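Labels for the chains are A, B, C and D, by order of writing; each one numbers its residues from 1.
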Amino acid sequence: MPDDVTALSRRSLMMAGGATLVGLGTASAQGASGQGLPGPERPVDTGKVENGRVSFPNWRGPSDRPAPPPAAPLPPAERVGFAIVGLGRLSLEEILPAFGECRKARPVALMSGSPDKAKAVAAQYGIKPEAVHGYDGWDALARNPEVKAVYIVTPNALHRDQVIAAAGAGKHVLCEKPMAVSSGEARAMIEACAAAKVKLMIAYRCQYEPYNREVVRLVRSAKYGKVRLIEATNTQTMSLPEQWRLKKALAGGGSLPDIGLYCLNGVRALMGEEPVAVQAQIHSPDDPLYREVEETVAFTLRFPSGALALCSTSYGAHETRSLTVQAEGGAIALQNAFAYQGQRLFLSHREGKAEAREERVLGAKNQFALEIDHMATCILENRTPRTPGEEGLQDQILMEAIYEAARTGQTVALKGPERRPSLTDKEKAREQARDQAREQDAKGLDPTRGPEPEEAD
Amino acid sequence: MPDDVTALSRRSLMMAGGATLVGLGTASAQGASGQGLPGPERPVDTGKVENGRVSFPNWRGPSDRPAPPPAAPLPPAERVGFAIVGLGRLSLEEILPAFGECRKARPVALMSGSPDKAKAVAAQYGIKPEAVHGYDGWDALARNPEVKAVYIVTPNALHRDQVIAAAGAGKHVLCEKPMAVSSGEARAMIEACAAAKVKLMIAYRCQYEPYNREVVRLVRSAKYGKVRLIEATNTQTMSLPEQWRLKKALAGGGSLPDIGLYCLNGVRALMGEEPVAVQAQIHSPDDPLYREVEETVAFTLRFPSGALALCSTSYGAHETRSLTVQAEGGAIALQNAFAYQGQRLFLSHREGKAEAREERVLGAKNQFALEIDHMATCILENRTPRTPGEEGLQDQILMEAIYEAARTGQTVALKGPERRPSLTDKEKAREQARDQAREQDAKGLDPTRGPEPEEAD
Amino acid sequence: MPDDVTALSRRSLMMAGGATLVGLGTASAQGASGQGLPGPERPVDTGKVENGRVSFPNWRGPSDRPAPPPAAPLPPAERVGFAIVGLGRLSLEEILPAFGECRKARPVALMSGSPDKAKAVAAQYGIKPEAVHGYDGWDALARNPEVKAVYIVTPNALHRDQVIAAAGAGKHVLCEKPMAVSSGEARAMIEACAAAKVKLMIAYRCQYEPYNREVVRLVRSAKYGKVRLIEATNTQTMSLPEQWRLKKALAGGGSLPDIGLYCLNGVRALMGEEPVAVQAQIHSPDDPLYREVEETVAFTLRFPSGALALCSTSYGAHETRSLTVQAEGGAIALQNAFAYQGQRLFLSHREGKAEAREERVLGAKNQFALEIDHMATCILENRTPRTPGEEGLQDQILMEAIYEAARTGQTVALKGPERRPSLTDKEKAREQARDQAREQDAKGLDPTRGPEPEEAD
Amino acid sequence: MPDDVTALSRRSLMMAGGATLVGLGTASAQGASGQGLPGPERPVDTGKVENGRVSFPNWRGPSDRPAPPPAAPLPPAERVGFAIVGLGRLSLEEILPAFGECRKARPVALMSGSPDKAKAVAAQYGIKPEAVHGYDGWDALARNPEVKAVYIVTPNALHRDQVIAAAGAGKHVLCEKPMAVSSGEARAMIEACAAAKVKLMIAYRCQYEPYNREVVRLVRSAKYGKVRLIEATNTQTMSLPEQWRLKKALAGGGSLPDIGLYCLNGVRALMGEEPVAVQAQIHSPDDPLYREVEETVAFTLRFPSGALALCSTSYGAHETRSLTVQAEGGAIALQNAFAYQGQRLFLSHREGKAEAREERVLGAKNQFALEIDHMATCILENRTPRTPGEEGLQDQILMEAIYEAARTGQTVALKGPERRPSLTDKEKAREQARDQAREQDAKGLDPTRGPEPEEAD
């Protein structure tokens, strides 16, 4: 199923029509010189090259989706070099493999507390031995010009110091969520990066994942009118009591900051608004796993436009990760909303006398690769990340309110976001123009976010 | 969500529990030396390294799927180097990006009739300029020791000569399907590769795709007993009359060899048996697209065990690619069976007084990467590919029978496969052992195939 | 959740607003006289009565489906009285219970060879003991003025004589499918009913079932353009070798006339056209169940417009009853198409860059009740049934062709339908007007059918 | 597809095998006398009659569901006669048609404030004109011996007086939900029925619907272990501001008592436990529809076993009615849980390396018919209804707590149920036996309910 036949000359085509095809390869090769070939006989579908990108005419009928244009990765040497800090499961199972699908980023250095592991991993991914460091290797990292950015993938309680260290090394920072174990830490991280003039992005991968983005687009376009109710749930089960996620000092909390955060952040990203009130309940069973951190949290957010969001998370329930939006004119359900893959989007609405429940299938993408490429794009083009430190800080503040609401049994009132990202002048102008075009209700949305990320191909 | 905290000492853990975490990074770094740390305080989930591979203990509860082990790609220099011949849509949209997900293969050379395109693509994928060739570049390719294998991705009518050229250059060959435009060509290709002692594999990607493999596994295990009926359909729409797929001389036929082949090969792979009779009907509308090749084919295969397979393909119907197996005890349906992604597997059976329709969700994988890695594995370990030239030849013979049946309106009787792959002694022994253990009906299955491929992680 | 508050007077509403509601019932009751009640205070949603039918204003918002109007069954004495001939499973499990959902029909007599059973069933359904007959009771049935129609639900080989007997008794006839065990029998039945001037309808329940009708509507409206391929399958498993369905003399064949007929009739009803060629294969395993009749049949129909239909049926595969239509612009899939309930309709098409797979949910209806009510309507209003004897005859002719094709291994060419139903003058005029308005391709569709049935509420 | 051929003699079978079938009907009729027929030649599948019920041997293979036994309705005169009080939408669209599917109940009287409507409806359903009453017709109703029970289907604020009137008339009472507009009213209703020694059942139809019952069964059997989280939502849109549902005096509230009640009652029925704490938020937009009653409510219930239930309801969102249970070992989702039809049940759990999402398909039933037949069974067999007045009272108490929680912003603590139904001695003994057999956690479940209802066929 290939399409590369520029070189097929008129003669080779005639031969191809003949009884034997002996010599066709040679004929084609000769044809490659392209001399004297009358135009029409040439197959038209060999594509064209512009600005280093190849594109092809659509060859499908109008009732099938055209293929997206071919990927056009930056040449390896031009991609943004990342140092990966922390070589736990997430780095090895998801992030390092995802670099194979990145177009603008590549891993060039590692930092780990396990030298043997780091050495093995470096070999697998073609990272130079001299770019492999222990957790005290910040100075060496700072001196490595291939490293433009650092991706912090360590336990939550280490983020603050490592982000500050990375900023101190003059590197841009992509930091895993949750940003920190307290809002105070988050503030310090924002300040350190601002002072060092490096970009800080929090790795809210779902905000870069195509299905989640489609849900945001549908809600913002008011396809189904006003949102009344949102349900978001993120659950999984745990074992291995020794793991750091179950240690309060390292994780900062239990299911809430680890996976419930996806509900909180997802609902906020969907609405664009910030919640004004929160209620919460927590339950943890009598189980050694939950000596330090909570198992199950239910919390309800009220938004200025009147929407109520019912969120829940648990370390004690079979994996479920879903998001549902109920609006005046229809419902949107995203199954596996917060999972690494397997998103499935359903839109329900009336269709005359029938009820329509449409599954909308998009091309699946690696959301880690999209997230990393977004950070690379921001660095290459001096843009503000969609999910900067201020986005992470707001979630830290809200998680503190959720814990308070659960503790007191009272509704906790919330103020607007404490900090807003500093946009570039160009970005600011564009946001203002958009706000002027918007209806009153939609002005000033996304106060803690940078501009919308580029479309993935 | 990281797991890399080997280095966290008892002291740092205590500090982590304190009010401030200043200096934790440093503390961890110190801890990395691991001196005098009492065992139990160490987090257990930092993984271990064996034979260059990292693994982690499962941290999920028993009711959630454990994560597969981390990918362990071969170091880049040890991966099998491929030359990609043909830079059409398939190469650019699917195959070259898929190398980013390969563990054992990498692209090291290109051959194309479009020098500008080849140059641009080489830059994107970090291929050296000197490894970029025109279609006459076989000698240079032969001399490039980095090139161990050639992946032929050109129009069907060119496969024969190019495979022979690759064999002549001493390179192993992975050739896109359909293998050729006639069974005679296929025979010549098999002979040339055998003579040159290089491996020949046909790129039947679905036989490496996890969902298709699960269907084969379910059928072979007789989970639902005897198969009675199979329905396979593969349709899409076309435009662009100039494209080579619509030229008989280049494509060898229309929808049948291009996409109907997936039905034919898929049904054969499922059953393991070879069909004994075929009926067929063809319809092409009065449309310039179908001046040379057919639009729509329906064909029915009868298998020795009694199963009947109803297959259909069209260039004139909205994209549908599905496979259904109806057996005594249940039904298996694979949606998007032949698509590049989006497979969904449903198993239906009685469950007491209820009917159960179970969707079984596997981890999605890039099937091109799996196929390429299989070829690389066969080269690295001197194994016979699951889908060798003999597998492709059998499909060519059957497609010729389908055309004859449609032309004559008569049932065409079929003989057993003409050629069987030469297995290594070790492979032969293993097949014989398996056949001895099998019931009569299942002896000698897969006569045109190599051994089952390795499991993807 | 009721809506009947006409009687609530201004006074009672005021009281209802008060702290206590003591006496409200009384107040309402008084209000029932309706004297002197000022209009506006009355709730508006009590509905209105016109021509003996009640209707209510829609109280749902525009984004929800309005409820259909309330059922308005004919008074029992005005409903068409049916005699049920044969008290096997179908009568007891489906047909007699379905009368409880009929609006225009009621069971008033029974005929059975099992007197004890007939007596028990008559008591359950309130049928008078004197209206219960043995198979020799045609004279008594003829004399019973409550019996307007006879529903024949006996083994296939008995249909011919029983239909002729019913016609002889001057009763309209609804006959289960397959109409008979040969085309010759079918002709005799048509002639007998024509001679007796009674209506003859074959019980093709799916042609009255709302989801199947929606599929027909979608195809005829060319929503997705030309149909290229249809797949229809109807399978189930059998045991109990003594049952009449497995006796050739009683059933006339195996899976084909019993359940494969739904594929054949369903595909014809969908297209409106009649097939011009058929191919077929049959397989029956070595099993006592299949000593007399076939287990599995695959057959392929070619339609004048070029569509190819792949049909399959088996008595040896887990229950699957599905219908798929693949057209230029989209695909239509009806799960459980031929089942008694549980139809699920999916429409697939491109939606911009996405693929949409829409489930369309209609209100479920009892298809037996719809079928019986259609017969009753035809009797009450002197209309031609949608599925008259001529529709059944055409299927008998086609099944004979399928058996021939399987026997000879050759494609069998088919002629147009042998007989067309005699429409009333009014019906004829309407059909001609429709044909004049139609495009060439769609003229003269449904040659063996009566006019479209009325819409179910 | 019939099965009634007892009468087919050996002779007629032989004839049936012959070339012509002339006279077969006659032959069968003769055979009906059954004289001298050798056993084995008789088809075995004509069923048997025992205690007035017919049953058939299963004729499906083991891999298909056997058909349930035929319905065996009570003879009409033995069914429990109901008077329907209120002829609004629910009565006309659902309840009166449902009687056609009842086996043990029939409508014999009507009470309405709209004489014309009542007359028209009585004619449609064969109800005698003298059994049609205005809202002051309680004395006449009392005197009608055909009326054994009254089904109250009027606006909520009328329930109290009408139930008391029905009890005063000595009739058993089935009352629509919500039971009343206050807990005080509910207590009075319970007391009146107890004093009059008539049964009182609240029409919680979902507790009789097969899919909801299957969910309860799955949860109680601990198939997936402990429940952690439940999400229940019930929404629809409204128009027609004049309708009584939007008048506080008549409805008692807005979405909460009308449709949110299904979430509340459904969650309680699922757990069997009673909640110990509730939080709530309410939102109503600035819209004339919501001048008196609320539009949207979110409430969270905490159960003694630790499960948290997030419930939501709205009159301002497109119709969605779903229930999800997340437990340790798997998840249960019931789509359309609270709808009149269209329930779809999904069970998710790990299946080795895969995730299984099983749709479990049960036979659909009319839940109104099941509910009414349950009341009839309780009357015929002197049993306590599954959902007696005490079940309704508990919901009234909880709705009052939800409104309080929303008003104060505080968690409201809840006590155990105030009243428990008086079971018969036999029922008490059975409950005690069950509790002794149960584990500690499951003792004393369902404190406000009667015994489990009978299985529907």
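The rule we apply is simple: contacts are C-beta pairs under 8 Å (C-beta built on N, C-alpha and C of every residue); 3 or more make two chains touch, one makes a residue touch a chain.
Computed from a predicted structure; not experimentally measured.
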| item | value |
| --- | --- |
| Between B-D and A-D, the pair with more C-beta contacts | A-D |
| Taking each chain's C-alpha mean as its centre, the one farthest from chain D | B |
| Averaged-CA centre spacing for the pair chain D and chain B, given as whole angstrom | 52 |
| Distance from chain D to chain A - Cα centre to Cα centre, in angstrom | 46 |
| Numbers and ranges of chain D residues touching at least 2 other chains | 61-65, 68, 224, 237, 316, 318-319, 328-330, 349-350, 355, 361, 363 |
| Chain B contact footprint on chain C (complex, rising order) | 224, 226, 228-229, 231, 233, 235, 237, 277, 279, 281, 283, 285, 295-296, 298, 300, 302, 306-308, 310, 312, 314, 316-320, 324, 326-331, 348-350, 355, 409-411 |
| Complex interface listing, chain B residues touching chain D | 61, 63-65, 68, 224-225, 328-330, 349-351, 353-363 |
| Chain B partner contacts - residues on chain A that touch it in the complex | 1-8, 13, 16-18, 21-26, 28-32, 43-47, 49, 52-54, 56-65, 67-68, 70-76, 86-93, 96-97, 100-101, 112-117, 120-121, 123-126, 134-136, 153-155, 157-158, 160-162, 165, 176-177, 181, 185, 236-240, 242-245, 247-250, 258, 316, 318-319, 341-342, 361, 363-364 |
